[in-house]
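One chain, chain A, appears in both complexes that follow, with chain B as partner in the first and chain C in the second.
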Partner chain A sequence: MTAILFDGVVQGLQLSLLAVGITLIYGLGGVLNLAHGQFAVVGGVAAALFLQFGLDPISSGFGGILSAGILGLVVDRTLLLPAYRYRGEERLLLGLILTLGFSFLVDGYLNWQVPEFSLSFRLPVPMVEIGGIPMRTASLAASAIALAVFAGLFAFLKLTLTGKSIRSIIENEAGAELCGIDPSRTRTLIIFLAAMMAGVAGVTQGLSSSLGTEMGPEFTILGLLVAVVGGVRSINGTLAAGILLGVVNAFASHYVGAYVAYIILLSFAMATILVRPTGLLARFT
Partner chain B sequence: MLLRVESLHAGYGATPVLREVSLEARAGEAIAVIGPNGAGKTTLLKSIAGMLRATRGRVHYEDRSLVGLRAFQVARLGLVYVPAERELFPTMTVLENLELGAYTRIATARKNLEYVLALFPRLAERARQLAGTLSGGEQQMLAIGRALMSGPKVLMLDEPSTGLAPKAVAELYRNLSRLKRAGLTIVVTEQQVPLALSLTDRAYVLEQGTIRLSGRSAELLGDPGIKRAYLGVA
Partner chain C sequence: MKSISILALVLALVPAVAGDSAYYLRLATLALIYMAWTVAFNLIFGHTKQLFLCLNALAGTAGYVAVVLAKDAGLSPWLTVPIGAAAAAGLGALFSYVSVRRGLGVIFLGIVTLAFSLIFHNLVLGLRQYTNGETGLVTRGLGLPLLEQPVPAYYVFLGVLLAALLTYHLLMRSKSGMAFRALSDDELTAQLSGIDVTRYKVLAAAVASAILGLAGALYAFYNGIVSPSVFSFVGIDIPVLIALLLGGMRTRLGPVLGAAAFTLIEEMVRPWGQLNVLVYGVLLIVLFTACREGLVPLATRAAAAFRGRRAPAAGSRRVQEAER
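== the complex of A and B ==
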C-alpha cells in the first residue's frame, strides 16, 4: 500500500515537472506543446550518451538537462516561428500540428538510432527506512530534485524582475508590452526553462526506474492531463495535481491495469473541466 | 517638436478608421483629442503607441520615425500609453505592477517609485493588495503610476475618466495637471470635453476619422460649435 503511494508521489512529481512546462509554454506562447514528452526523452537519452562517453553521473545528468533545453530553444526559434506569426486559435492549431509532427520525428529518429535503448543510472543505492517503510534512495533523490526545481521556479517567478515579467505576460500580454517588455524574448526564455524541466523529468525517470525512447507520447499525455487538472495558468495547482494524479495512476495501474488507469485519469481531467474549469487551485502562483 | 503625426491613415483590416490625421505636441505641452464615440480617438493613440500598424503616414518622435516599431519598443523610447482598459496585472500586487512599469529603467526605479507613491498616496496604502481588488479610481491611478515608473517623456491617456465616479474624475484631473506642471508632455483623449479642454493647452477635434478643427483649448471651450456638439449647451 504505502509502497504504491510512495511510487505514485515520485512519479507525480515528475509529471508535475512536465505539466508545469506545458502550462508555462501555453500561458506565455499560446502553443500547446505536443512534443513536450520528447524533450524529456531527449534529455534522458543525452544523459545516457554522456554516461557512455565516460562522464560521471552528475555531469551526465546536467548535460542531459541542458540538451533538452537547447532542443527547446531550437524548436522555439525555428519550428514554431510560423505559428508565432498568428494569434489565438490559429496559433494554437498550427502549434499543435507542428509540435505533433515534431514529436513523430523525434520518436522515429530515436527508434532508428537507439532502438531498445533504456536509460538507467543503476547507481549502487541502498534502501533506507523512513517511518518503517523501506524506500529506494534513488527515488527519494528524484523527488528531492523535482521539489528543488519547483522551489527554484517559484522563487524565480515570485522574486525576480524577469520572473515577474513572465507572470505579467501570462496575465496580460498587452499590459506587459506597454511596460516595455518584449514578449517574444521572454517566450524563448520560458521554452528554454520548460524544456530543461522536462529534461529533469527524463533524467530523474532514469534515476528512479528506467527511461525508454518510446515514453515520449506517454509523458506528453500524462503531462497534459496534469496541466488540465492543475489549471493551465496555475503553478502550485499543477504541482498538487501532479502528485494527485501520480498517486491515482499508481493505484489504478496496480489494481486495474494501465489502460483503465488512463481512463480514470481522463475522467479526472474531464470532471475538473466541468467542475473547476480554471483548475484545482484556480489561481496563478 | 517632440511628437509629430503626419497624414496618418489607419484602420482594422479592410475598414479604414483614420484619414489624413496630423497633429503635433511640443515638449511640456498638453494636447487633447476630442470627438464623438467612434471618431477614431483610440485608433489614433494605438497607432502612435505601436499597438496598431498605420496603413499610411508618419509618426515622428524626437526626430525618429516610430513607423514599424512594436508597442514595447515605443514604450522603451519614453512614449508611454495608458489605454482606457488600463491593462493592469490583476492578480499581482500594486507594488509588483509598479515595479514592472520600471522594467526597462531599473536604475531609476527606486526614485520613480518614491515619486509615484508621493503623487498617489492611496497606492502606497494599498501596496501589498492585488491590483484586481482596487476601485476604478485606484486602478486608474495605478495605470498612470505604472506608466510614470519608467520616467517617460510623453504620457498618452485614452479616456482616463471612463468608468470613474465624479469625485475620482476630479482627483484624476488634479493629478494630471500636477504632472503637466512638472513638465510632462500629455496627450489625452476624452469624452468629458470641458475637463480635457481645461487641462490642455491645445486641442484637436476628431470626427469620422479626420481632424475637423484644432486650436487653443481655451478658445475651443468658448467656441459655439463645440459648445453645441460637446458641451451640451445650445
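== the complex of A and C ==
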C-alpha cells in the first residue's frame, strides 16, 4: 500500500513538472504546447549525449536541462511568431497545430538520428530504508529535485518583481500591458523556464527508470491531462492534480491494469472539461 | 455537379491504367479512402470549425464494430458495416452536441476528442477477448469477397467517395449549406440571424462521422486485418489534416486533390523509411504558416486570372464562385 502510494507521489511530481510548464505557457502565451513532452525528451537525450562525451553525471544533467530550455527559447522566437500575431481563439488554434507539427518534427528527427537511445543514471546506493519501508534512492532523488524546482518556482513567482509581472499577465494581459509590462519578453522567459522544467522531468525520468526517444507524445498527453484537471490557469492546482493523478494512476495500474488506469485518467480529464472547464482543483489556489 | 462527374470519370479510368500493378492499384484505393475521410473532415473542421482530433477513433470504432459483430455474432457484413457507420455517426453527433451545449472552444473540443482517441486505443488494447489486442483480427473471408479483389474493391471505394461528394454537394446546396457558410464566417452573427447553431453543427458532425465510419468499416474488411495500428492517430488524423490544408478548406474538390497530393508526397518519402513523421511535422508547420488557403483556391484564382484576359472581370468572378 505505502509503496504504491509512494510510487504514485513520485510519478505525480514528475507529471506536475511537465504540467506546470504547459499551464504557464497556456496562461501566459495563449498557446497550448503539444510539443512539451518533446522538450523533456530532448533534455534527456542531450544529457545522455553529454554523458557519452565523458562529462560527469551532474553537469550532464544540468547540460540537458539547459538544452531543453534553449530549445524552448528557439521555438518561442521562431515557430510561434506567426501564432503571436493573432489573439484568442485564432492564436490557440494556430499554436496548437504548429506545436503539434513541431512535436512530429522532433519525434521524426530523434527517431532518425538516435533510434533506440535511452538515458539512465545509476546511483551508487540503490535502496534506502526510511521508517521501515525500503525505498529506491533514485525515486527519492527524483522527488527531491522536483520539490526543489517547485520551491524555486514559487519563490520566483511570489517574491521577485518579474514573478509578480508574470502573475499579473496570467490574470489580465491587457491590464498588465497598461502597467508597462512587456508581455512578449515575459513570455519568452516563461517558455524558457517551462522548457527547462520539462528538461528536469526528462532527466529525472532517466534517474528513476529510463528515458527513450519515443516517450515524447506520452509525456505530452499525461502533462496535458494533469494541466486540464488542475485548471489550465492555476499553478498550485496543477501541482496538486499531478500528485492526485499520479496516485490514482499508481493504484489503478496495480489493481485493474495499465489500460484501464489510462482510461480512468482520460475520463477524469474529459469529465473535468465538461463539468468544470476552469479545472477541478482551481478553487483551492 | 459537373466537376464531380468529370472527377468520377477520371477516377473510374485509374484501374485501366494501373490495373496491372497490384501495388499501384492498392495505392489508388487507399487514396480514395483518404479522399472520403478528408471530404468528411472538411465538413467538420472546414465548414463548422469543430476540431475533431479523433478521426482515427471514429473510423476505428466503425471498423471494429463491423468486424467484431461479423466475427462473434455471425452477422452479415452488409448489416454490420451500416451498424458501424451509425455508431460512428452517433459518437460524432454526441461530441458535437456536448461541445456546443457546454460552450467548449476549439481547444477544449480538441482535448476532449484527443482523449477519446486515446481511450479508443486503450479500449482496443484492453478488450483483448474481442479485439485480440495489438495483434488484431484477420478480416479476410468474413463474407465480403467483393472487397478482397483489387479492382472491384477500387470501385466500391470510388462509390463511397462519390456518395460522400454527392452528400456534400446536396448539403451545401440546401439550406444547411447557407447555414454552414454563415457559421464559418461568424458564429455569433449566424446565431443572431436566426440560424440554429447547435442543429447545424451536430448535423455536420453526424453526417461527416457517418462517412468516416462507412469508409473506416469497409477499409477494415479491405485491409484484411484490423489492428490498433491500422487506425492510429498518426496514420489517419494527421494525413487527413494535412490533405485538407493542402487542398483547401471549404472547397468541394480541395479534399480530393489534397488527399491525392498527399498520397504522392508520401510515396516520394517512402524510400527514406521512418522519415515520414518528420515530413508530416514540416508539412503541418509550413502549410499552416505559409499557405493556409490550399491548392484549389490558388488554382481557381490562377484560372480566373487567365480567363480574365479575354472575358470581362464580372464573368471571371462568376466562374470563381461557381467553381468553389
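The definition used in the following text is that the second predicted complex is superposed on the first by the 276 of 285 C-alpha atoms of A that agree within 3 Å, B and C clash if a C-alpha of one lies under 4 Å from a C-alpha of the other, contacts with A are read in each partner's own complex, and residues count from 1 in each chain.
In this text, contacts are C-beta pairs under 8 Å (C-beta built on N, C-alpha and C of every residue); 3 or more make two chains touch, one makes a residue touch a chain.
Everything numeric here is computed off the predicted structure, so don't read it as measured data.
By the touch criterion defined above, A:79 reaches chain C but does not reach chain B. Once the two complexes are overlaid on the shared chain, A:174 sits against chain B while remaining clear of chain C.
When both complexes are overlaid on chain A, the residue A:161 reaches chain B alone and has no touch with chain C.
Of the two partner chains, chain C is the only one that A:260 touches; chain B does not reach it. In the superposed pair of complexes, A:151 makes contact with neither chain B nor chain C.
In the superposed pair of complexes, A:105 makes contact with chain C only, with no contact to chain B. Within the superposed three-chain arrangement, the count of touched residues of chain A is higher for C, of the candidates chain B and chain C.
Overlaid on A, the two complexes show chain B and chain C touching no common residue of chain A. Here chain A touches chain B in the complex through residues 161, 164-165, 167-168, 171-172, 174-183, 283-284, going by the rule given at the top. Touching chain A in their complex are the following residues of chain B: 49, 51, 70-72, 75-76, 80-83, 86-92, 96, 99-101, 103-104, 106, 146-147, 150.
Within the complex formed with chain C, the chain A residues making contact are 32, 79, 82, 89, 92-94, 96-98, 100-109, 111-112, 115, 221, 224-225, 228, 257, 259-260, 262-263, 266-267, 269-270, 273-274, 277.
In the complex of the two chains, the chain C residues touching chain A come out as 51, 98, 102, 104-108, 110-112, 114-116, 118-119, 122-123, 125-126, 234, 238, 241, 274-285, 288-289.
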